[in-house]
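All chains are identified by letter, namely A, B, C and D, in their written order; residue positions are counted from 1 within each chain.
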Amino acid sequence: MNAAPNIAGIFPALTTPYHEDGSIAPEQFKANIARYNQTGLAGYVVLGSTGESVLLTAAEGEALLAAAKEAAAPEKLLIAGTGAESTAETIARTKKAAAAGFQVALVKTPYYYKPAYKAEAFIRHYRTVADASPIPVLLYSVPIFTGISLEADEIVTLSEHPNIVGIKDSSGVIQRVGEVTARAEKSFSVLTGGAGVVFPALAAGARGAILALASALPEKCVDLYEHWRNGRFAQAQELQQRLALASRTIVTEGGIAGLKYAMDTRGLSGGAPRLPLLPLAEARKRPIAEMVARLEPAAACA
Amino acid sequence: MNAAPNIAGIFPALTTPYHEDGSIAPEQFKANIARYNQTGLAGYVVLGSTGESVLLTAAEGEALLAAAKEAAAPEKLLIAGTGAESTAETIARTKKAAAAGFQVALVKTPYYYKPAYKAEAFIRHYRTVADASPIPVLLYSVPIFTGISLEADEIVTLSEHPNIVGIKDSSGVIQRVGEVTARAEKSFSVLTGGAGVVFPALAAGARGAILALASALPEKCVDLYEHWRNGRFAQAQELQQRLALASRTIVTEGGIAGLKYAMDTRGLSGGAPRLPLLPLAEARKRPIAEMVARLEPAAACA
Amino acid sequence: MNAAPNIAGIFPALTTPYHEDGSIAPEQFKANIARYNQTGLAGYVVLGSTGESVLLTAAEGEALLAAAKEAAAPEKLLIAGTGAESTAETIARTKKAAAAGFQVALVKTPYYYKPAYKAEAFIRHYRTVADASPIPVLLYSVPIFTGISLEADEIVTLSEHPNIVGIKDSSGVIQRVGEVTARAEKSFSVLTGGAGVVFPALAAGARGAILALASALPEKCVDLYEHWRNGRFAQAQELQQRLALASRTIVTEGGIAGLKYAMDTRGLSGGAPRLPLLPLAEARKRPIAEMVARLEPAAACA
Amino acid sequence: MNAAPNIAGIFPALTTPYHEDGSIAPEQFKANIARYNQTGLAGYVVLGSTGESVLLTAAEGEALLAAAKEAAAPEKLLIAGTGAESTAETIARTKKAAAAGFQVALVKTPYYYKPAYKAEAFIRHYRTVADASPIPVLLYSVPIFTGISLEADEIVTLSEHPNIVGIKDSSGVIQRVGEVTARAEKSFSVLTGGAGVVFPALAAGARGAILALASALPEKCVDLYEHWRNGRFAQAQELQQRLALASRTIVTEGGIAGLKYAMDTRGLSGGAPRLPLLPLAEARKRPIAEMVARLEPAAACA
């Protein structure tokens, strides 16, 4: 196992662009990353929920990992989403990500057999994955999609594993950030997944965030983090409130289609998502474009 | 498209047996089917939730379809679980199932991007699948696992598609059975997924059931259906109550591991499930064995 | 304690009519009961959820109990809703209902301090109430309003108390009807609260139903029960499906305001509910009126 | 209507002490307040959820309002819980609280008829109450008890009413704090109800907190607020994490019984709650006492 990387700062959950025929577009994906390389983003998350990973084939996922590795500036930390329903498949994907040059595996909870997935099952699953993984593991709790929330006791127990280095907690439950930070291993990183609560989560003890919104508005998300790091709390509060409104319009209401449209308005390659996700409804376009323009008046169509 | 088959009666959701090394055991799977061929089961569901389909590789799934086709008696209707998160992958799997000789595709709802999956997304998804499918499609709503429940309006709308022939509704919401039966196309079959509510569901208008419990107790499940069909309501009520208690102990509390253990006690090939599902806790074994023995006193270890 | 009454058949959950100035209208309430006395209803439930009991003062509640006692035909069983959040207040109300001549107390679960209300709290609450009550107690589980569902184990334990004689289970979970009937004391009556599942609940083992819909359509609800009792299952299924659709339009979508409007269309005293319940939206009136007319073509404005 | 008071800082949700015979103990209640008068608490909330208001009679509630008015130091803001299910009863209670000298009414959402309570019903309810109230109204959203969460759009709309001055939001959803602060009238105060998220909520834009935990640990809760106000963020984060753990052990796991026991260990009058709330289980006492001693080593039994 490698020495655990310092997982802190703002990471975008990268989207997946497609060609008109529906096939993935790695060259557009790389162009997006080239743009992001010029920002203060701490690294990239590939094959996360925002990347439509559950709608991709295995070959497509591997192609995107390779493309990200090629395009990413060397100082950017590379995090791959590798969680599958079965423990064995999760390990297989994690090994492939490591082989592709990724430094951290982001492993979402299994979530299909909910009534059977008690704490014991999650602990066994994550330990088995972490034992087998060549790279450090980040837990990933995203109840809005999975219906499963990792609880503080489970997270603290798993934090003791030397190859489990943190968690992306997208629940929005900020109390848990404080409880976990207070109880877990000191090196354990809590990252929030909610652009509407970055500053509160940092206040509670988080070290950073993995954000869908950072694919469209990376600079502003990084600004917020820097405000916090440099003790500019009034500015942090003010920017956070604006990002909370932006996140609601673009991500909560727009979904992946809305986020991709926000990217389009900024000259990044967004496009439509894959079925069964529907293209963005026309009526949602203007509010999203206006929200982006309000936050990035000069940067549109850069 | 073929003429729609008459989808009625009791179907077991087949389990997947594994070898000691964790690989699938198609020969045990076929031996189970050979036993089931001698009962009044109407057919078989392969690669359903109970079959751990979400824990299998694509190759394993195809091997099990081929094995079932080989082993099943010709009068048994063959239903394959083919639902994937993406519409395209669902179509691909459905075509493979048809090519393997399956007669019906059981398509569970997509369920990851819950906030984005409104009625419009489900209707588009199912219509796209049904348009492309060489075999009739059964909708599958299983909120206990997916967190998604198809509502009556959506089901009724989809019932108008000529290649959508019914639904397996595992919600336990019996009111919906009556509403859908009253409003949907006359040929549309509602099947319940709950062994504890077969008789109430039939009373409400269902035509049959797809049951995990029928993998362990096929004869009793068929008896219940026959009581209903022949107007023996007092016996139906009495047997239903016993099966409700059995289903709670074996399936609700035991999960797939409990169901497989119940099969083991009857000389069928059950075994342990795959990780992250845990093996059955020792303390659960005796109540399950006793429940089976109470329902099938003579049949144990047949 | 009295000998337990035979609690079976169809009971309407009576609505509360108001004068134009917002005060209760006991004389209209009695006129409704006079109409119901001519049907096959088994008795009346006063001060239930449908009666807006949580919106009435103590004095108003007592006035309605007195009015019902005066108006009800002697053979009709009188059931009073007496559940309050505190155990002591529940006992006080139950004693008043007994003193007013009511024969059974319908006691809904406490529901405010949800995280604290484990099985032990419910069992202690109900035993304390039943010990102190001069009349038999019916448990009442109505999760749609309370967020609390009594589970089978709790119900079965409570069924052993000599003064707890049954349950009104409005959860719609029909599996529980069978489990409870199979496990509880033989004299214990399960009543369903859902007009959409009366026949399935009877099939599962229920003895009757307490229905909001029976305040508007008492004859049809009684017909359904009689079909079941006399073995006319095809007719029961057909009528149940019609009542399921009626219940959705009138009660599920219309709420108490919709139910009261349905009563108005039949010449009963419905009227508007009390704030914060809003009057029925105009757009909902026609579908409700049509639904009533379809079920009771000749009886409108009787 | 009065000029809106400045609602900021830490308010304890006061508990209700009882005599051994179960009657309320206003003299103990006043003694608790006399202790609290010597702290930096901004005022007191009487008849909130923590005060077991739903378990008290009307006369008991009025006695506690009078006792609080007598005991409270003049600079402490007096807030009365006055929310009832019916709009009319809520107004009646609010007028009584104003007559008793209370300065603000804390009005929880109605919550029984959940399916009927859409945004329109909440807005009509709160406007009707605020129109009639002689004192300013604080909205109160407490989904853990009511199952109802006021959404940002509703809150923002209601913030425009001149007699609605803020909200106690106990949902723990910190994103909403930021959204509401950004969108509502500038004078509108958001207070959090969660001791585990005071600092994150303040970071998001809240002005204070109404806390059960502040009945047991008022000094520490005030310290946290003062750390924030004076820009001591590292200390705020550290103390917040300790209070998050304390809140979990004492309030989340212990409930009102646990909170009262924590008060007992500090020489305040706690005692047992009223049925159906059960007395604190013996096994929970030691962890609570230890948690208090860790936070207030010198202050125990003051």
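One rule holds in what follows: a residue touches a chain if its C-beta (ideal position, glycine included) is under 8 Å from a C-beta of that chain, and two chains touch if they have at least 3 such contacts.
Here the structure is a predicted model, which means the values were calculated and not measured.
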Would you mind working out whether subunit B and subunit C touch using mostly the same residue numbers, over half shared, or mostly different ones? same
Suppose each chain is reduced to the average of its Cα coordinates; what separation in Å results between subunit A and subunit C? 50
Averaging C-alpha coordinates per chain, one finds the centres of subunit A and subunit B separated by a number of Å equal to 35
Among all residues of subunit D, those touching at least two other chains are none
So with touch defined the way it is at the top, what topology do the chains form here? Options are line, ring, star, complete, other. ring
Give every touching pair of chains, nothing left out. A-B, A-D, B-C, C-D
Subunit C contacts subunit B in the complex at 152, 172-175, 177-179, 181-183, 194, 196-197, 199-201, 203-205, 231, 233, 236-237, 240-242, 244-245, 247-248
Seen from subunit A, its contact residues with subunit B in the complex are 22, 49, 54-57, 85-89, 110, 112-117, 120-122, 124-125, 128, 144-147, 252, 255-257, 274-278
